[in-house]
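Structure below; questions to follow.
Labels run A, B, C and D following the written order; every chain starts at residue 1.
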Amino acid sequence: MKRRVAIVGAGITLFRRRMLESPKELSFEASKMALDSAGLTLKDIQSVVSGAAPEAFDGVHMKGEYYLDGMGAIGKPHQRVYVGGGTGVFTPIGGWWNVASGMYDTCLCVAEEKMSPLHPHPQYAFWSIFDQILERPLGTTLLWIFSLEMRRYMHKYGIKEEEIAEVAVKNKGNAVDHPCAQLGAKITVSDVMNSEPICSPVKRLDVSPPSDGAAAVVLASEKVAKKLTDEPVWLDGVGWTLDTMHWTNRDLAYPEYVERAAKMAYKMAGIKNPRKEIDIAEPYDPFDYKELHHLEGLQLAGKGEAPKMTVDGVTQRDGDLPVCPSGGLLGVGNPIAAAGMMKICELFWQLRGEAGKRQVKKDARTGVAQAWGDLMQVGTVAVMRS
Amino acid sequence: MPILEKISQSSQARHWTDSIPLEFHYTAGVAGEKFRRELKDRGRFLASKCPKCKDSYVPARMFCPSCFVEMKETRTLEGLGYVYSYTTVNRNRTGEGSERVTLALVKFDGVKGGIVHRLTADTADKVEFGMKVVPILKNETERTGALTDIISFKQA
Amino acid sequence: MFEASSRAYEDAGIDPRKDVQSFVCCTEDFWEGISITDEYMPDQLGAVLRPLCTVSSDGIIGLATACMHIMSGVADVAVVESHSKISDVLNPSEIMSFGFDPVYTHNHLDVDPRFLAGMEMARYLKDSGTKREACAQVAVKNKKNALSNPRAVHAASLDKDTVMRSQTAASPLTELESSKGIDASIVFVLASAKKARKLGDHTVWIKGIGWSSDTPVVEDRDFGWADYVEQAASRAYKMAGIGVPASYFNLAELDDTYAYKELQSMEALKLAKKGKAGKMLESGIFDPDGRLPVNVSGGSLGVGHLLEATGLHRTLEAVLQLRGQAGSLQIPKVKKALVQSWRGIPTATGAVAVLSN
Amino acid sequence: MGRSHAGGHGCSDEVLGGNSMSQKITSYPGHEITSDELKGGKYLDIQYKFVPRYSWAAGVAISRFLDELKEGRIVARKCNRCQRILVPPRMYCEQCYRPTDEWVQIKDTGTVNTFSISHVGTDARRLKTPILVAVVDLDGASPGMGILHNLGEVEPSRITIGMKVQAVWKQPSERQGAITDIRYFRPLEV
C-alpha cells in the first residue's frame, strides 16, 4: 500500500519571453539539472511523468509524445498529466502516485512550456479554452474571466485594488533574488495602480508574463531516498479537484475547488490546522488577486482576509507566513506548467535551507504549493516537509 | 439512467462549425540553429556526436537520447545517404487527393537518425532498400536552412 | 459520455457522487477542438468537485493511472473514461500530421501522414520476411469477425485480393488495411480487490499492466521491430508472473490500426517468434476457432478506430469475453486475455494489460 | 552534487549576477532571444499556419437552446430532485447525476453578477473601443445561474454589480440560432 515519497533533486531553466531552445531542449536542460542535483543518471530513473498546458503554445499535436526524449522517457513508462494551469503542481503529484503505489522506485517529473511560438501572442491560445458554441463567438479572452473573478472577489469582501497590488509589489520584489526570473523588479503600489488598464480591474502589472521555460524534480521511494541524501524533502500530501465546466454558474468569489484539493492533501499529510502547521506557501499567482484567493482556499486565511495579511506584511519573506518567496509567477514568469513546477522546486530549496538570498527568515519545515487551472475550476495542492 | 429525451430527427440536431486559426513561429533550438546554418550556408548536414557512447545523430541535437548527456561535438556529413525505407502516397496532409509522391527515410552510414524527404520521379521508379541517394539542393541564395532547401533526393 | 458512464455505474452498482474517489480521462486537445479539454469532463462523469484529471494518452495508460490511484490508497473506486468524436473533426489528417516534429518532419512534407505507416510496413515486411498477403489476411479476418459484433461499423466479408487491390493509402498499405475513425465513449469502473469483492461477481482482474514509448524522433526508429510493445509487454508480464506468453492466453485484442501492426505487435508481444506471425496467421491459429483468437471483436479494422479510447475498446471486448457476455462473439472458456494498444501516428507509445476472470 | 551540466549557455551567467538558486547550484541553462532577433534573421525560424477545423455536434440541450434563441427566447432545464433551473441548459444535472426533467422558458432580463471592461482582443492586441463583458444571472433561473455576455448602451463608469439588465436582440431575420442573436445586455429601463 501507500509508500512515503521524497523529492531528491530539482532543476530549472531560465524563464524568458522567448528562448532559442526547442521544447525538447528546455526539457533536457531542466531534467539534467534535476538528475545531477540528485546525484543520479537517467539509468536510475524507472518512470517519467511530464506536464504541459495546451499544445496550442508549442505548436505540436500530442505534445507529450513530441518532447518525451527531452525528458529522458525513451524506453520508459511515461505519462503526461494535464489539468490546464494546475498541471505544474499536478506533475509531481503524478510522480507521487507512480512511487507511492509501489509501481516504481524513482520517477523523473518534468514540466515544460514554450509559449513563444504562437503568433502574434500566446494569449490567443486561451480563446480556444472557452465553450465553442456559447462563449467563443463573443471573442473571449482569458483576461475576461480573471477580471470578472477579481471584480466579484473585491465586491464580496470589500477589497481595494491597492491592497491587491501589494501582492504584485511583493512578488516582483522577491523575484529580484531569483536567478531565473523574467520580471523581478522593485516597484510600488502606485506603479501597479498607474499601469495600463488591460481588462479592468486588471492592469498590466497585476498580470504575470507569458514565458518559455522548464522545471523538473526527481522523486524517490523512502528506501531509495535515504540512500541518496541526508536531506530529502517529503511529498507528504497531495490533492486535486475539478469543479463544473459551467463557470458562469459558480460563486466566483471563493475557490471551493482549491479548498477541496487542500483538504485532501492536508488529510493525507495529517495536517489539522493549516495556518499553524504550514510555515511557507507557494500558491498560484498568475494574477496578483489570485494569490489572495488561493490563500483563502488553502485555509491559510479566512474568507476575504488574505488582503489584510498581505498589507500587514505577514506574507513577506521575513513574515510569519512567507508566501511566494520565489517571486511567484508575477515575478519569475509564467510558462504555465513549468511555473507550477517552479513552486515545487522553490519549496524544495527553501525546506533544505538552500535558497540563498531568498531563504525565508523563519525555520521552515512544512510548505504547501498550489496551482489553479482551466475555467476557474482546478485546484492542485502538494504538501512538502523537510 | 440515460438521457430520457433525445433528438429523433436529424434536422433538430445542431452543429457548430468553426476553426482555430493558429500561426506558429518556431525556433529550431540550440542544436537546430547550427544544423540549419550549416544547411543554409554550406549545403551540408550537421550531425552531433555523443562524448559517451560515441554515436552520431542527424539532424544535430543538443543531447544524446540514450546517454542523456550534452553533445557538443559536431561533424558534417557528405551528402551520400541510403534509402532505409520508402512509400508512395497520393494524398496531401489535409487528406485530399494529390499527385503521387514517393518518400524515403534517408539514412547515412554510421549515423543514427536521418531525413524523410521526396525522391525524384526517376529514382522513385527504381527505388529499393539500401539504394544510394544524394540530395538535390536549392541554390544558396534561396536556402533558408529548413528542409525545404532540399528539393528531393536522387539516386547517386 | 453521460450515457456511457451512467451505464458503467449501473453495471458496477455505484453512485459516482458518493462512491468514486478518482476519475481519469484520456484525451488530446486537437482531437476535441478545445484547449485544455479536461474542463469539459467533470459534469458528465458525476465528477464535479472531485479528483479528476486528464492523462493525455491511450485509455490503457488511463487504466494504469487508476490502478496506481488504488494502489497508493487515493481511491477505493476509480473511473476511467475515454472517447472519440472524430466525426466533429473536419481535417483529422492534418491534425495527425501536426504531431510530427515541426522543424524536421512536418514542415516540408505536404503528404498523407500515413506515409509513416507505409514506410514502417515496408521495412517490417523486409526485415521479418513476412509475406505481403499476410497483412491483407489480417484485414480479411478482422472485418469478417466484426460481422458478429453489434458495435462494429466497418465489418465486411472480403478476400485478400480485394484488400490488396483497394486504393493505396501509403504503399504497400492499402485503404482496406487502414482503420477508419468512429465515435464512441467508453467508461470503466475499477476497484480495489476488497471493494470489488463487495460489488459483485462479474469482476475482471487486471493482473499486469505496462506501457512504454520508443523515441519520438521517427527518423531514429527501427521500423522493423515494435520496441515499445516489447517493453510494455515485458513490464506487464513480469507483474502478472507470466513466463511463456505464447501459451498463456486464451484471447488477445491487439493493435490493428493498420493491418501490419497486428503482426508486428504479436512478435513484440512474444505470441509469435520474430518473422513468424504472418505464417501463423495464415495457418488459422489466430482465427476465432484457433488456438489463440486475436481480435475476435473485429479490432479497429472491423469495428472502427476510437482515437485515445482504442485501448479501452480492446479492453471492453476482452472484459465481455471474460465475463461470458460477448454474445455471438463469445469464445468458450476464456480465462486469460491480453490487450494491447498503440497511440497512432506519429507516436511509438503503446500499452499492454493482462486480464483474467 | 551540484550542476555538472556545463551547457556553455552564455547568457545565463550574465543574467545571474550574484544570485543563486540554491547554494549548491551556481549556473542556470537557457538562451534568451528576442522577437527582433528572430524577425531580423539573427536566428532562423520556421513559420506555419495550422487551422484545425471542426463541426461540433451541439447535443440535445444546446441544439434546442440555440433554436429557441433564434425565436428570441431563452430556455433552461429543470432538475426535479434539486429543484434547480439550469442555464445553459443540460440534459443531466451535474450535482444529482441524473437526467434533468423539463424545459423551462426563462426571462431575457437579469442581474449583473460581475463585469469587466476589456481593452484587449483575443490576441492581446489593444482595442480602440473597449468591450464590456459581464456574467449576467438570468431571471427565472436559479440564483447564480449566469451566462457570459456583453453589455451595451451604457457608460463603462456607470456599470455596477447588481445592476438590472435586459437582452437586446438582433432582428428576427438576422438571427442564426447563436449566442450572438443577443447583441448585448443593456440597463433595464424602469
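Here is the rule we go by: a residue touches a chain if its C-beta (ideal position, glycine included) is under 8 Å from a C-beta of that chain, and two chains touch if they have at least 3 such contacts.
This structure is a prediction, so every number in the text was calculated from the model and none was measured.
Peer 1: With contacts counted as defined, which of the two, A-B or A-D, has more C-beta pairs across the interface?
Peer 2: A-D is joined by more C-beta pairs in contact.
Peer 1: Go ahead and note the Å separation of the Cα centroids belonging to chain C and chain D.
Peer 2: Going by mean C-alpha positions, chain C sits 35 Å from chain D.
Peer 1: Let me have the rounded angstrom distance from the C-alpha centre of chain A over to the C-alpha centre of chain D, please.
Peer 2: The answer is 22 Å.
Peer 1: Could you work out how far the Cα centre of chain B sits from that of chain C, in whole Å?
Peer 2: Centre-to-centre distance between chain B and chain C: 27 Å.
Peer 1: Enumerate the residues of chain C that touch no fewer than two other chains.
Peer 2: Residues 2, 6, 30, 33, 42-43, 48, 90-91, 94-95, 98, 102-103, 107, 215, 217 of chain C touch two or more partner chains.
Peer 1: Can you list the chain B residues in contact with two or more other chains?
Peer 2: 1-3, 16-18, 20, 22-30, 32-33, 65, 70, 146
Peer 1: Which chain D residues sit where two or more other chains touch them?
Peer 2: Expected reply: 5, 7, 9, 31, 33, 38, 43, 46-48, 50-58, 62, 66, 90-92, 94.
Peer 1: Classify the chain contact graph as line, ring, star, complete or other.
Peer 2: Per interface graph, the chains form a complete graph.
Peer 1: Going by the contact rule set out above, which residues of chain D touch chain A in the complex?
Peer 2: 1-5, 7, 9, 11-12, 15-17, 19-25, 28-35, 38, 43, 47-48, 50, 54, 56, 58, 62, 66, 86, 88, 90, 94, 113-125, 131, 133-135, 144-150, 156, 161, 178-180
Peer 1: Inside the complex, what are the residues of chain D that reach chain C?
Peer 2: That would be residues 46, 48, 50-57, 90-92, 94-97 of chain D.
Peer 1: Would you mind writing out the residues of chain C in touch with chain D in their complex?
Peer 2: Going by the criterion above, the answer is residues 2, 6, 15-17, 30, 33, 42-44, 46, 48, 85, 87-91, 94-95, 98, 102-103, 106-107.
Peer 1: Can you tell me which positions in chain B touch chain A when the two form their complex?
Peer 2: Chain B reaches chain A through residues 16, 18, 20, 22-33, 61-63, 65-70.
Peer 1: Show which residues of chain C lie in contact with chain B when the two form their complex.
Peer 2: For chain C paired with chain B, touching residues are 2-3, 6-7, 10, 33, 90-94, 97, 102-105, 107-115, 118-123, 126, 168-173, 215, 217-220, 223.
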